[in-house]
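My structure is below; once you've seen it, I'll send some questions.
The first chain written gets the first letter, and so on, giving A, B, C and D; residue counts start at 1 in each chain.
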Amino acid sequence: MSHSYQPQQNKRLEDKSIRARMLISCPDKAGIVAAVSQFLYEQGANIVQSDQYTMDPEGGMFFMRIEFDLQDLEQRLPTLQEDFTRVADRFSMRWSIFRAARRKRIAVLVSKEDHCLLELLWQWQSGDLDAEISMVISNHDDMRGIVESFGIPYHHVPVTAETKAEAEQKQRELIAGKVDLIVLARYMQIVSPKFIEQYHNRIINIHHSFLPAFVGGKPYQQAYNRGVKLIGATAHYVTEELDGGPIIEQDIQRVTHRDEVNELKRIGRHIERIVLARAVKWHVEDRLLVYQNKTVAFV
Amino acid sequence: MSHSYQPQQNKRLEDKSIRARMLISCPDKAGIVAAVSQFLYEQGANIVQSDQYTMDPEGGMFFMRIEFDLQDLEQRLPTLQEDFTRVADRFSMRWSIFRAARRKRIAVLVSKEDHCLLELLWQWQSGDLDAEISMVISNHDDMRGIVESFGIPYHHVPVTAETKAEAEQKQRELIAGKVDLIVLARYMQIVSPKFIEQYHNRIINIHHSFLPAFVGGKPYQQAYNRGVKLIGATAHYVTEELDGGPIIEQDIQRVTHRDEVNELKRIGRHIERIVLARAVKWHVEDRLLVYQNKTVAFV
Amino acid sequence: MSHSYQPQQNKRLEDKSIRARMLISCPDKAGIVAAVSQFLYEQGANIVQSDQYTMDPEGGMFFMRIEFDLQDLEQRLPTLQEDFTRVADRFSMRWSIFRAARRKRIAVLVSKEDHCLLELLWQWQSGDLDAEISMVISNHDDMRGIVESFGIPYHHVPVTAETKAEAEQKQRELIAGKVDLIVLARYMQIVSPKFIEQYHNRIINIHHSFLPAFVGGKPYQQAYNRGVKLIGATAHYVTEELDGGPIIEQDIQRVTHRDEVNELKRIGRHIERIVLARAVKWHVEDRLLVYQNKTVAFV
Amino acid sequence: MSHSYQPQQNKRLEDKSIRARMLISCPDKAGIVAAVSQFLYEQGANIVQSDQYTMDPEGGMFFMRIEFDLQDLEQRLPTLQEDFTRVADRFSMRWSIFRAARRKRIAVLVSKEDHCLLELLWQWQSGDLDAEISMVISNHDDMRGIVESFGIPYHHVPVTAETKAEAEQKQRELIAGKVDLIVLARYMQIVSPKFIEQYHNRIINIHHSFLPAFVGGKPYQQAYNRGVKLIGATAHYVTEELDGGPIIEQDIQRVTHRDEVNELKRIGRHIERIVLARAVKWHVEDRLLVYQNKTVAFV
């Protein structure tokens, strides 16, 4: 793979420099949409996409995602954010505004299976994944060649039972300040609670089953033993509870009695890479909100 | 089937009497969302769901669907509509407001195949289809028993090559003033341009193929001859062009070389009834806008 | 629904009277296919469909399903079966031969939810389900009207905590000698081990989740709480272990954060009826073999 | 990508050297299965998988695929084939036997879009595609780097309106004697009738629509204009009729009114690569038979 492989332009967003995305969550109350849209209108912004969800019309939570265009966005954003606090305070909002032009930086952690990593690399180089892959970290050195051929730094951080804490410390140093999202692309090591806490709702894992079925190890063997007729994969944010974090995306494929464990794994690899790539895409496009161990996915 | 079969309460909408749905389309322009949401806020309405779509950020069309709750809706709606004209005029809107409690009235036209009709009847009696089935009209008398057992009037209007115009006249008299939507549930007769014009975007047909593949007659035979690996069905609004109207919904199912024409028909019946029922549900819930032979489906 | 509703002819099998289906399972060994097909050829039978599956080429189990046509089948079957014992003994086969013309008799057990029952009734009357529905038994009287309108006997057997054993005794008397398959079509009562044993691999249940996720009660509530992005249903043979029997068929549908429990139930009803109907169809067409808590499904 | 990337062992076929696959088509007649299975049994072969299909029980065509294991296959195959002619002649069979260990050699033709090629390369290096990719030929030089990094020869054969015939001549020389299958992986040039004839049923193309909808150029634009709710892709053998050859595999994905042409293309790329890879896999595993412009796919 030559170094001439550069991500193609995403043709959808002709002028990404003026596009922003706003995420809001707050207790529901009349007047939120009016206040936010009036505010943006007065700022001269044009709303190009808006999604909202009210958990329960009376007294529930309200979630909103707005894409808007604003001339001179980069210069004007600090003031706009400052001004918005008045609206936000009125409704006790948690909120963020992201510039579309500021691509999220991803660290991919991987072990020996390459399919999820390759999918992310391809989607990145084709422009489908609008992010930066800042680095790949692995406890093995196998994928250095392919990763470096994309011009992406590759860090080999071996992990053994004894060096576990040390290895994680090394990873955290590599990542510190350089990464917005961590993707566990079939990374077969447990991540420490401390690490999880630091990157709260910013670590995405792919589990190779349709959760909550087959939590834990060897899910394809478990699926085979149970004789299921569909197998699946689940992308979720990592929390302290093993395979218990907020589910972002799931998909399945049909299998039959003919498919023994290795065939389930082969079929599963295809589901895993698609599901993980979708979840990462949604995260970097600011389409995901987390509330009480569930995701609100504006996709 | 006893007459005690009454549609169950739709449990989702605890108080449907205060719920309204607003559909808007207009040229895109900054400030629309602000103006509409501000208007509703001032009226005391609470927006519970809002969807929008801009065809093209610059100079395209803007489409919006809003669900809102308003106390004393029935009494206050006329004034609200009058007041809204100021907002609407400012943005050259085409718009409508529907009360959720005012269920749309459906006439189902059917020939000899009963699966699509039965699906609508079941979804209606289970409360999944929030509409009134005002009458069933058929060019055969076969389904009178089942239809009348649901307490729904059944009209047998025979159609022959000679009596075609007359029969349609009869149908139109039966329907006049009593029906908001006409569903062709495998009704195997061509409807006249005049009829179509009168019920513009209010006649839904189910075509037994994945349009635009296999336009016209005997689509399953055509599909068999071509050796396709998927068969489908398409629900669309009826226009003068045969099988050419705006597509509302489509779905498919996998088939194999083993499936000869009768088996394709059997599989196809399941797709047809699901696809038609979805399209009808979306129409009666005011989720569909038509623009230039396409539907915008807020589902 | 008038009593003129009779199952339509299944057009696929022009002459069902000569069609037989043979199911075989035995330890794998060279020569099985040769011996069986040679035997049928010598009997004058024509194999029209044949499926086989070997669990493991060396030393595993072998499963086979053959459809064949034989003139004067009904008269000749007893002799053919007797003659076949020589082949069967040579390979230690478990085997059965079923005449396609001898439609399996079904008892449907149902509580208050009608969607699964209605689907079976519709598939039966349309000829898609090639079986006899001999009776419907319910612990409620609600569906008597619709069932009797199809000309099918309806038995109301109330069940309370006190009368449980008695009620089951009543059910078994109704069924005894009249039924080949029992379908629990959202029958919300536990069936006793004794009952299960008597109808081993002849009781099909529909569970309203993608097993083994959400075993037990209120699976849609469980699914909602976990925030899954797909919901499913599972048809399985009933064994003593709750929701633990051999899985026959599963399917899923995509849901979103917007779908609260009642909406999950609504979507789920569509999956349940489709999945259960498929499982029942496969059973009555002799397409299912059970081995070690798994099904081999020749579909 | 380092040169250490070698296809992984396919773990399913522990001893592929003794595995053969037999494809048969002939007019249906009693005794075929018996004759073939008896023959194989006498040769000492063990049937591990067998599929058959009869187009029409009376007087139709019969198709069969058998996988069998035979010790010393390579040495014994010539004799076995010679002996089988007696059976074959009796039933007027067209037949072939393929050794699983003799992997099919593929030439991939590609233009500028890389997704289909990348998918094939990944499936090849992961061992999922049990074939040899002998060469990649392109009318552009863009993908040389990635292809050569896999150790696969890359031939740049520019094509202009003037040099068309010449270019094809060059391609045919490159391929001659070295290739069993030609895959058009989004190769945007028309192949000549002469070329097609020479590689009859051995050229697979991916068309970026659900055929027969949207034959010809710009199918995603056509799909957008028609407002379809699903888009698809079709893998088919190439015949003289443009996009008219026997369909091998199709799949679709749901789209909405929000997806303009570029988004349809992005979604479509995922379908295309999956569908093409499946078709190629089935071909190299000898799972496809062609009869009267349709495929019989034993998958």
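As a working rule, contacts are C-beta pairs under 8 Å (C-beta built on N, C-alpha and C of every residue); 3 or more make two chains touch, one makes a residue touch a chain.
Please read these numbers as outputs of a predicted model, since none were measured by experiment.
Write down the chain pair with more C-beta contact pairs when B-D is set against A-B.
When the contacts at B-D and A-B are counted, B-D has more.
What is the distance, in whole Å, between the centres of chain A and chain B, each centre taken as the mean of its C-alpha atoms?
37
Could you work out how far the Cα centre of chain B sits from that of chain D, in whole Å?
42
In chain B, what residues contact two or more other chains?
Within chain B, residues 53, 260 contact more than one other chain.
Chain adjacency by touch: line, ring, star, complete or other shape?
Drawn as a graph, the chains make a fully connected set, so complete.
Residue numbers of chain C touching chain B in their complex, please.
Chain C residues touching chain B: 1-2, 4-5, 11-12, 114-115, 118, 122, 126, 128, 144-146, 149, 260, 262-263, 266, 269-270, 274.
Taking the touch rule as given, give the residues of chain A at its contact with chain C in the complex, in rising order.
For this pair, the touching residues of chain A are 53, 210-214, 226-230, 232, 246-252, 256-258, 293-297.
Tell me, which parts of chain C touch chain D in their complex?
On the chain C side, the touching residues are 30-34, 37-38, 40-41, 44-54, 57, 69.
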